Amino acid sequence: MAKRPLPTEFIIERDEEKCIACQACVRMCSNDVHSYDPETDTVSSDSAKCVGCHFCETLCPTGALVIRRNPSEFKLNANWNAEVIKNITRQAETGGMLLTGMGCDKPYPIYWDYILLNASQVTNPSIDPLREPMELRTYIGRKPDKIEIQITNSKSQISNYKLQTSIPPQLKLETPILFSAMSYGSISLNACKSLAKAAREVGTFYNTGEGGLHRELYKYSANTIVQVASGRFGVHREYLEAAAAIEIKIGQGAKPGIGGHLPGEKVSEEISQTRMIPVGTDALSPAPHHDIYSIEDLRQLIFALKEATRYKKPVGVKISAVHNVAPIASGIVRAGADFVAIDGLRGGTGAAPTVVRDNVGIPTELAIAVVDQRLREEGIRNQASLIAAGGIRSSSDVIKAIALGADAVYIGTASLVAMGCSLCQRCYTGKCNWGIATQDPYLTKRLNPDIGTRRLVNLLRAWSLEIKEMLGGMGINAIESLRGNREQLRGVGLSDTDLKLLGIKPAGEAW
Amino acid sequence: MNYVIIGNSASGIAAIEAIREYDGKNKITVISDEPYSNYSRPLISYFLGKKVSLESVSFQEEDFYKDNKVDLILNNKATKLDLKKKYVILADGRKISFDKLLITTGGAPIVPEIKGRNFNGVFSFTTLSDAQKIEKYIKTNKVKKAVVLGGGLIGLKATEALIELKIKVTIVELADRILSATFDKKASGIIEAALEKIGCKSITNNTIAEIKGKNSKVKEVILKDKKKIPTELVIVAIGVKPNIELVKNRAINTNKGILVDNFMQTNIKDIYAAGDCCEAKDSLLNTNRPIAIWPVAKRQGKIAGYNMAGWKKEYQGSFAMNSVELCGIPTISVGESCPEKEGYQVLEYFAPEKSIYKKIVIKNKRIIGVIFVGDIERAGIYTSLIKDKVDTSDFKENLLKEDFGLISLPKEYRKHLVTGEVAIL
Amino acid sequence: MKKIIIREEYCMGCRLCEVHCLVQHSKTKNIIKAYKGEYPKPIPRIIVEEKGYVSFALQCRHCEDGPCLEACITGAMYRDKKTGAILLNEDKCIGCWMCIMVCPFGVISRNGEGKKIASKCDLCMGEKVPICVKNCPNEAIVYEEKK
Amino acid sequence: MDRFHEKEISGCGILGIMDQKGKRFSGGDIVAGIASMRERANGLGGGFAAYGIYPEHKRDWCFHMMFENKSAMVQTEEYLRENYKIVKDGIIPTREDRSIKYRPLLWRYFLQHKEEKTKLHYDLTEKDFVIKTVMEINTKIPGAFVASSGRNMGVFKGVGYPEDIGRFYKLEEYEAYIWTAHGRFPTNTVGWWGGAHPFGLLDWSVVHNGEISSYGINKRFLLNYGYVCAFFTDTEVMTYLFDLLVRKHGLSFEVVADILAAPFWDDIERQPQGRGELLRTLRIAYGSALVNGPFSVIVANSSTMVGLNDRIKLRPLVAATSENRLYIASEESAIREVCPRPNRVWMPKAGEPVIGRLIEV
């Protein structure tokens, strides 16, 4: 059979009693799933086209639509399951790599879910964040190992103290959560605006990814981390100067060792200008930086960027969490990075080969734990901040990441979900019904940045409140007292090796 | 300060409202020769057709005069003006002195010199009294047949009313088509056909030469071509002209109507005129001429009121337009809808089987007139394009499309419309 | 007064405003009955205009100097003193369509089915926020005080 | 239970008395004072630190040792002999006391540095070398524990109520210019002699009342600077923090207080620019040294006694002065017990250090 039709992934149930044929679904679906028949004044749906983004279901004014997974099943087989059969069939037809979007969705252990937090009882008091200050402020950047103070007068009065050490450039975060790198191109300008405005409102940062900095985003530069990636798209003097910090992107959790590819169809006039490439050409980010084949090359780029910005802003490096992550991170810190972002296995992407996304890299929980430990053992933990990325889903993930040793976390997928994303994983098609991962003007307007901003701010506010509540419960009133404080964590159902790597005790074990 | 307004219809009422926006105190006196406190003249055909009750013909609430502290003098005609001493002399001899005077005497029906026009059963059709008289005559004489002279708007509205009363009507029109002032052949054709369908005949290129009667009641009309049409009722509705009787041959300048400037003031200070009785700016033709339609009368009255109260406001001019539903077919015509000379471009959609006709007249890239028959949705957008003299080059091809709307217009113009306020027509 | 502000850059063209407007102005105010059980079928008082990817919802702007107010020959069209909204007294309206002729936004329609009267936005009198605004999923129409 | 793998948690009573002119006085007062806070202890630990007690050996390192068995002592002595010149050693005198049930072998050594060792470990200062010695004995010789390792000072501690421990060690026979004391109320039942307070390292001694919620990060912060916390006690962490910040980083006690009990960001922002900048810098650089959770602590070295509370004062701390004496205690009663009419009594604010320095005469 030249083309073997596969069971559709979803089925669309339309309650005819409730359907009023208003055609909102017809108008809104970018995949043309629904169609209206004026002769019968009815709407019908073609399930085969449905990607399961739930946009129509969300809009349907009568709740007439339900999108379900198709229960159609192959013969039960633990090895040759439906996904395997479908993938092989697709590849047999196309001869191509399978593409996907968002982060790894395979059921590898999510360590966050096997880690529990502590709380105070009797021996020390918990603190009520509603009544007492609770501090989440975090500084990202290189810290001096020691502070020297000159006492100008023999009397040791504080007013006579003179600082001899100056703090290298820092990013000040009012909550230890930043928005991950997502490029203009992979996401819409409205999505970028939402992130930028929310970062400004909350007092944190968003990251341009390798998409350059659109003119309209310059006004948020004080809350912008700009990325320098292997394609160097959109990198120019003004870009670097506008930024609050610079991040060299070596790798991405969803596709370690793989470059990026923005198809030419998405390179519109605006994107071409922002990325500084011709309209309609593919934007190919090479797998490696072709001027970085070694750690010393990285050092050169770090210092080239520091020189270019006169040592006024932190320069960090983002890597994917791979097997050797601890020594690599150590090398990066020694190469002069002011922060290291570690993107784990479950980090998101706009497009990646499925096989890479689902099989390469390690979970961020383990990566952060081993990197933090390694840097401390080497006595260089102060020299760089650690940002954990890749699959942070909730405030408890945030607080656990910080307790494991991260200074802050990057959230990407969570921020997209806040803006509407339902993880249909079809970002690479450019047909995102939610107006996020698309450049189609018909779709991008669906994301009103005012709403996007509000929802993102709400998310960060909610998470911050929860973090404060949990911190208070532990009797801690400043986030820095939790950072790397693994005594506040306990593992359940983890192997001894996992516990050792995470540097935490099993639940039930006292201090 | 004494404001005096002669006339109690659209302009007069609008003037009261305008004055009261700025001056809540000073005295306003309204003089009307009508017995009713106010009514909407366009509604008389609906009254006659029994679609609107006598109470509903009024367009202002009863306590309007009280609320606005207006002295209302009814059933008393202003007969003379003393411009020097500034007073109005009424039919009963009373003198009403004024500081500012507004003349809104409206229009008067044109009554042709036809032999036999004094027979009972021959009526004009401009006032509520006319309608009431007709109604009474029909009732008393059990009228079954009628002739309407004049296929203009008033004639047709009268026709429609009579048809509602199950009277068989024949329209006699001098021109080659009905509604000739605003409709072209195609538009008229649709209405004529619709009239025909309900048994109403339109005789064009003709007129009444003589009215014959019996026992002082009308019995038949004889047309120009000698054709005889038996009838029990004749309504003469060949048009109206400005009613300038009061000022004729006085110091106030008149032409067909009373001449006013862009502040609705006559050549005499403190004396204003508005509505059907005056000649004000036609912004389309760029001349002064009477435009006897309701919205224009209201607008002019309002402008006059503002200026009388001391707030200088300029009249931007208006142009002819009308909307009426005939035989269940809605129609709208605006501006120069039937240009006769060369130099115009006409866009058309004509579907007589659906009784739909759309016509857009363009001159120098700008729309100067439209006709919509059968489908009038969103007609106001075109009116506003005419008013704002918008260059249509960029969207001309969309003008007749079914989805034509603000979205078809240049973004800047649209934005102004959507977000901003609109100036009045 | 508060006005409905149109933000065409965020209108998705879903036309849910029309749906909800229709329901609001139906007899039953029940979405399914309004669509499936009411004759004549109610019509929305809001229009969504679409062309390419641009779209916006449009309803009576309640102009400060409303031409429809001047054009109305029956006094059916009036300004609500309390809210400043331009409303239509349906009992007085006789369907002369003068208002349609002069409305520069084209947002007054003929109520095609039942009594021949004009139909226009009434700002959902009695509701705190007009129903179209409340139900716009993307805040492409907002109800705000306008300077 | 393995004493090295359970962090100890305790509520406690603490007391410190200092003669700022360096005049030595007997241990009677400190024992009487701490005894008055018996309710703050539960008999599972008590101890004292005394400064100026060995004037005749004031240049020698004095190690107070606890041995659980003879072989521990043999191994320790071998180790010490290899690295130091043992000037003098002997049993720490004690008196029999019914309340003291079990006691390890208590021995003290007066040690001098060996020149050849200094050369071998040229990267270490003499003090660093002493610390290295202490760490190695504590972690590598089973049954051996260094209770104190300073000069002209010593730590006397054990399992029991502090007044019993004082009597046991015959403290009334010693004279010191700084005395600190600790009565312990551990919530775990493990009472071992080494785990009693004060904690001593070099001439540092720390008595502490509290439970540090930031323990996990303080410990790992210290790891970054080469300190390995072996005992899972807050007091140990506190001691190393003082050693790092005061001895190694050369910061004053006032500054250290601003690090350990850092002001809130809001307060920092309200400060005048220079001070604000200083505090901001300290917090950015030393955030992981912030000691979070309830504590009151008395830290002493040869020239200073410092009392400090956590940043929101979750544990009691009172200070008083009388003539040249500075008193710091958990409760005012303990001070009044030995100094009924002090010149001044005050409650230090959260994070506000009470610093007593030797006034040179």
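So that you can tell them apart, the chains are marked A, B, C and D in the order they are listed, and the count of residues begins at 1 in each.
We adopt the following convention: contacts are C-beta pairs under 8 Å (C-beta built on N, C-alpha and C of every residue); 3 or more make two chains touch, one makes a residue touch a chain.
None of the values given here were measured: they were computed from a predicted structure.
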- Message: Please identify the chain lying most centrally, where each chain is represented by the average of its Cα atoms.
- Response: A
- Centre-of-Cα separation between subunit D and subunit B, whole angstrom: 105
- Determine the centre-to-centre distance between subunit A and subunit C, using the mean Cα coordinates as centres, and give it in whole Å. 44
- Distance between chain centroids, defined by C-alpha means - subunit C, subunit D (Å): 80
- Query: Measuring from the mean C-alpha position of subunit A to the mean C-alpha position of subunit B, what distance in angstrom results?
  - Reply: 69
- Residues in subunit D with touches to at least two other chains are numbered none
- Note on the structure: Inter-chain touches occur between A-C, A-D, B-C
- Query: So in the complex, which bits of subunit B are touching subunit C?
  - Reply: 14, 40, 42-43, 46, 51-52, 56, 58-60, 294-295, 298-299, 302, 321-325, 330, 332, 334, 376-381, 383-384, 387, 403, 405-408, 417-419, 421-425
- Note on the structure: Within their complex, subunit A touches subunit C through residues 17-18, 20-24, 27-28, 58-59, 61-62, 440-442, 445-448, 450-451
- Query: For the complex, which residues does subunit D have touching subunit A?
  - Reply: 6-11, 187-188, 210-211, 213-217, 219-221, 223-226, 232, 248-252, 254-255, 262, 264-266, 274-275, 277-278, 280-288, 290-294, 311-312, 314
- Query: Considering the complex alone, what residue numbers of subunit A touch subunit D?
  - Reply: 120, 122-125, 127, 132-133, 135, 137, 139, 143-149, 151, 156, 158-159, 161, 163, 165-167, 170, 372, 375-377, 379-382, 403, 405, 474-478, 480-488, 510-511
- Message: Under the stated contact criterion, what part of subunit C meets subunit A in this complex?
- Response: 7, 9-16, 18-20, 31-32, 34-36, 52-53, 135, 137-140
